[in-house]
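Read through the structures below before going on.
The same chain A turns up in both complexes below, where it pairs with chain B and then with chain C.
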Partner chain A sequence: MIELVQIGKSYDGKTFVVDDVNVRIEKGEFFVLVGPSGCGKSTLLRMIAGLEPITSGSLRINGKEMNDVPPSERNLSMVFQNYALYPHLTVEENITFGLHTKKISKQERKKRCMEAAEMLGLTDYLKHKPRQLSGGQRQRVALARAIVAQTPICLMDEPLSNLDAKLRAKMRFEIRQLQQQLGITMIYVTHDQIEAMTMADRIMVMNGGRVQQIGEPLDVYNHPANIFVASFIGSPAMNMTKADVLEQSLIFNRERIMRLAHRFPLETKNITIGVRPEHIRLANKNDPYFTVKVVNVERLGTETLITFALTKKEHWIARWNGQCSVRVGDEVPVTIDEQHVLFFNEAGERLYMGVGDDYVSFRETKF
Partner chain B sequence: MSIFRSMVTYILLVIGAVIVMFPIGYAFIISFLSGAQLLQGVLWPDEWSLRNYVTAFEKVPLLRYLWNSFIVSFIVMIGQLLVSSLAAYAFVFLRFWGRDVLFFMTIATMLIPWEATVIPNFLTIQKLGWTNSYLGLTVPFFALAFGIFLLRQHFKTIPFELYEAAQVSGVRHFRFFWYVVLPLSKTSLATLGVYSFLTTWNMYLWPLLVTNDEKVRTVQIGLKQMQTQEMATEWGVVMAAVVIVIMPTLLLLFIGQKQLQKGLMQGAIK
Partner chain C sequence: MFRSVKQNFEGMLYIFPSFLLFAIFVFYPMVRTGYLSVHMTDFQGNPTNFIGLEHFRYLLEDVNFQQSVKATLLFVLYTVPPTIIIALSLALLANEKVKGIQLFRTLFSSTLGMSVAASSVIWMFMYNPAIGVINRIIAALGGEERQWLLNPDTALIAAAVATVWMNIGFAFLILLGGLQNIDSSLYENAKIAGVSYMYQLRRITIPLLSPTLFFVTTVSLIHAFQTFGQIDILTKGGPMNATTVIVYSIYREAFINYNFGFASAQAVVLFFIVLLVTIVQFAVVERKVHYQ
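Moving on, here comes the complex of A and B:
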């Protein structure tokens, strides 16, 4: 169990690159830190590893304060973004290099190395040097090196970002499987929200050094706490538009009105609404609908992404299953379930409203 | 045009080579001439006899000197490699207060001419009673700012993640230094090794100061001794000794040339 209590990091004593992080990571959990580059997620990971001193707060592993304990005594392993393999050593030597200091017998070292190599399909490459391996194989060597240490905690810093898309998908699965097989607590840093969604038990979304939201992937996807999380998680991103509030209606750029089933609190004047692409659907016969003009169509085979103009300035994307025959320039009737519309206040915080199950209706306006 | 250019280049290079090689070539030829022939102004020996070489070994204990020089150069080389690499490791991989200031102070010592430190060094050696010993000939040269600088620059090219990975997996400093840093810095170590061997081999002033018998005296002093021993110097014999003495230098240069160039280049660019 890893506990972070008000963890902060500052290089100059004034500005904090990581600020006030509080989280408890359970044993055997796959915990993903996700955020755009520069959000402090790697710094946070390096602080847990002990490679970066902690400025404020306290880090506890299994209840023991670890702030000033050197990395070697924290009993964890780490996989680096560029693998950090020793170029002049063979795969086997790379895997067992860290074991020599841990008073492990030669047979045991050999046994662990073989096990790890077998698990990751490296048995034929044990005598090769890293430069003779492909990117995916190097990645596996780095994983094997983390595994043989048999530490209860494993940290990974964007381990898949140097691989191509196909291999990345495969390695996602392999890492996840490995983690479950061995029951290790995994802390995994990535900027790729797909990795975060597919691998994690829980994710922590970070931005600007601060925690935005912690939760299970689907929970974060369905109930984002603020605009940042809503727009960061999900691809294509959630459609977001600023709107003016007029009693039960929202006005977009003075062009469209959206009527809701409930009223907003009186003080709310400006809000942002968000709708996921998959929640905008083609209207059936009896649905209330609004007509939009299609600007772009991307057919991906299993689904079709339709970009349409909500207002003159703003484009939204709808995601429909299958291969739609909609063409650019078509006027199509679409509809949105009100329960799928998310509201955010001016500060970007989520507004939780009594959600009706009506459809929202849009109208063209002329002011 | 390009043929013309390369012709000019090669002609200039040949002229340069001739100028540089002339003293060595001339010394080589003289080493086969007798004293009389030399005075007559003979430029090419009629017979290639090794008489002068034999005399050189008889006149002074040349073999002893060569052995001393070799021992001293070898010890200095090992000492410099060890001290420089350890210091460079600290400057690159350890975090401690005042690290960079300390490094620049180390570099700054390169500005002090070596001759300026000869007297204090000599006094120290004398106090320690190290005159006339290998210790006195070698220990003062172990710390070499240039060596520390050269190796530090090379160590900096080793990805820092390697160090961090070693830290996380609990690898101790010395193990990381010995099994990762040193093997990855072979070229720079070879460069520094050759450099320190040659500079020590060619050292003259210091051995002259701290030695006064032939037990530990090095070969450069031997050469001087040969010139001054008699009123009329037998140049043929002296040159024979010179040829013997420059042999190791030439050998090292020919063997280590590639490594030397690589190493110096690396230090320069990175």
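Moving on, here comes the complex of A and C:
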């Protein structure tokens, strides 16, 4: 169990690149840190590893304060973004590097190395040097090295970012399986939200050094806490548009009106609404609908992404199953269920409204 | 066919200027030296009559030349290993991430900016028996004062110490560059694994630094065999020829004794010694180098 209590990090003593992080990671959990580049993921991970001093707050592992404990005594392993393999050592020497410090006998070292190599399909490459391996194989050597240490905690910093899409998908599965097999507590850093969604037990979304939301992947997907999370998680991103509030209606760029089943509190003037692409559907016969003009169609095989103009300035994307025959320039009737519309206040925080299953009715207006 | 001839011609045109410079300042003197080494010469260095390998035969028996070969080898031994070891230690220190380390980096590499002549003069004053700082320190510590540059037992070592000091800047700078090229995550992984500093040094730093070490060693070796300036200023080859390294002996033979043919023969011998050492370096030592 790893506990982070008000963890903060500042390099220059003025600005904090990681600020007030509070989280408790359970034993055996696959915990994913996700966020855009520069948000402080690596820094946080390196603080947990002990490679970077913690500026403020406290880090506890199994209840013991670890702030000033050297990395080697934290009983963890780490897979680096660039793998950090020793170019002059063979795969076998790389995998067993440092094991002698743990007072493990030569036979045991060899045995563990063979086991890990077997598990990761590296048996034929044990005598090779890293430069003779492909990217995926190198990555597996790094994984094997983390495994043979048999530490209860494993930290990974974007281990898949250098691989091509196909290999990445395969390795996602392999890492996840390995983690479950060995019961490792995993803290995994990525900026790829698909990795986060598919691998994690829980994810923590960060931005600008601050925690935005912690939760199970689907929870975060369905109930984003703020605009940042809503737009960061999900691909294509959630459609977001600013709107003016007028009693029970929302007005978009003075072009469209959306009528809601609920009233906003009186003081609300401006809000942002968010709709996931898959929640915009073609209107059935009796649905209230609004007509939109299609500006782009992307057919991906199993699904079709349709970009349409909500207002003159704003484009939204809808995602429909199958290979739709919609063409650019078509006017199509679409509808959105109100329960799928998310509202955010001006500060970007989520506004929770009573959830009804009334339809939202859009109308075109001329002012 | 026509095209490739034209291209060849064009290519040669591009290397012609540097070839010309090399020809005038390197190839011609080399050939000329070889030519002179098999001739008797007059006072102006013009060859008079062909004598074959006579100079070389004489060299083999010449006690003075044997002494200068010995002095040169000792000088190399006294300068190259200490330079590399000290520069490596300083580079390891200066590579640590400590506040203000930049100051030390500048300081350690500063001897690079000093000419051999200037530093030799500095050391000459330091070795001075009457006013030199070295004797004063020794006296202050209760030791025995010495005439460092005038005693045949210490002169070569004294010149070597000064040379080490002069060469450290260059070796330090190159080695520091090599150290900074080593990926820091390799050390971070070692930190997590919990291996000792000496193990890191032996298993990570030295192997990954070996191409740089090899380069610095080779250059330092060649450099040491060709030492002249500091010998000329500090000891003039004395006392009792204790510091007459080969290059100094060549200089003396040519420009003091005006025996150009004999000097040329020594130069040829030196050339082959350096060539041999360099070949050994590449054939034996380079095999242990890990190029990435």
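One rule holds for everything that comes next: the second predicted complex is superposed on the first by the 367 of 367 C-alpha atoms of A that agree within 3 Å, B and C clash if a C-alpha of one lies under 4 Å from a C-alpha of the other, contacts with A are read in each partner's own complex, and residues count from 1 in each chain.
Just so we're on the same page, contacts are C-beta pairs under 8 Å (C-beta built on N, C-alpha and C of every residue); 3 or more make two chains touch, one makes a residue touch a chain.
Being a predicted model, the structure only gives us computed values, none of them experimental.
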item	value
Chain C versus chain B on the shared chain A, clash or fit after superposition	clash
Partner chain in contact with A:A49 - chain B first, chain C second, else both or neither	both
First, second, both or neither for A:T101, with chain B first and chain C second	both
Partner chain in contact with A:R131 - chain B first, chain C second, else both or neither	second
Which superposed partner A:P87 touches (first chain B, second chain C, both, neither)	both
A:W320 touches, of chain B and chain C: first, second, both or neither?	neither
Partner chain in contact with A:P71 - chain B first, chain C second, else both or neither	both
Shared chain A surface residues [contacts with chain B and with chain C]	49-51, 70-73, 76-78, 80-82, 84, 86-89, 97-98, 100-102, 145, 149
Interface residues, chain A side, partner chain C - complex	49-51, 70-73, 76-78, 80-82, 84, 86-89, 97-102, 131, 145, 149
Of chain B, residues touching chain A in the complex	159, 161-162, 164-172, 175, 179-180, 183-184
For the chain A and chain B complex, residues of the former touching the latter	49-51, 70-73, 76-78, 80-82, 84, 86-89, 97-98, 100-102, 145, 149, 155
Residues of chain C that touch chain A when the two form their complex	183, 185-186, 188-196, 203-204, 207-208, 290, 292
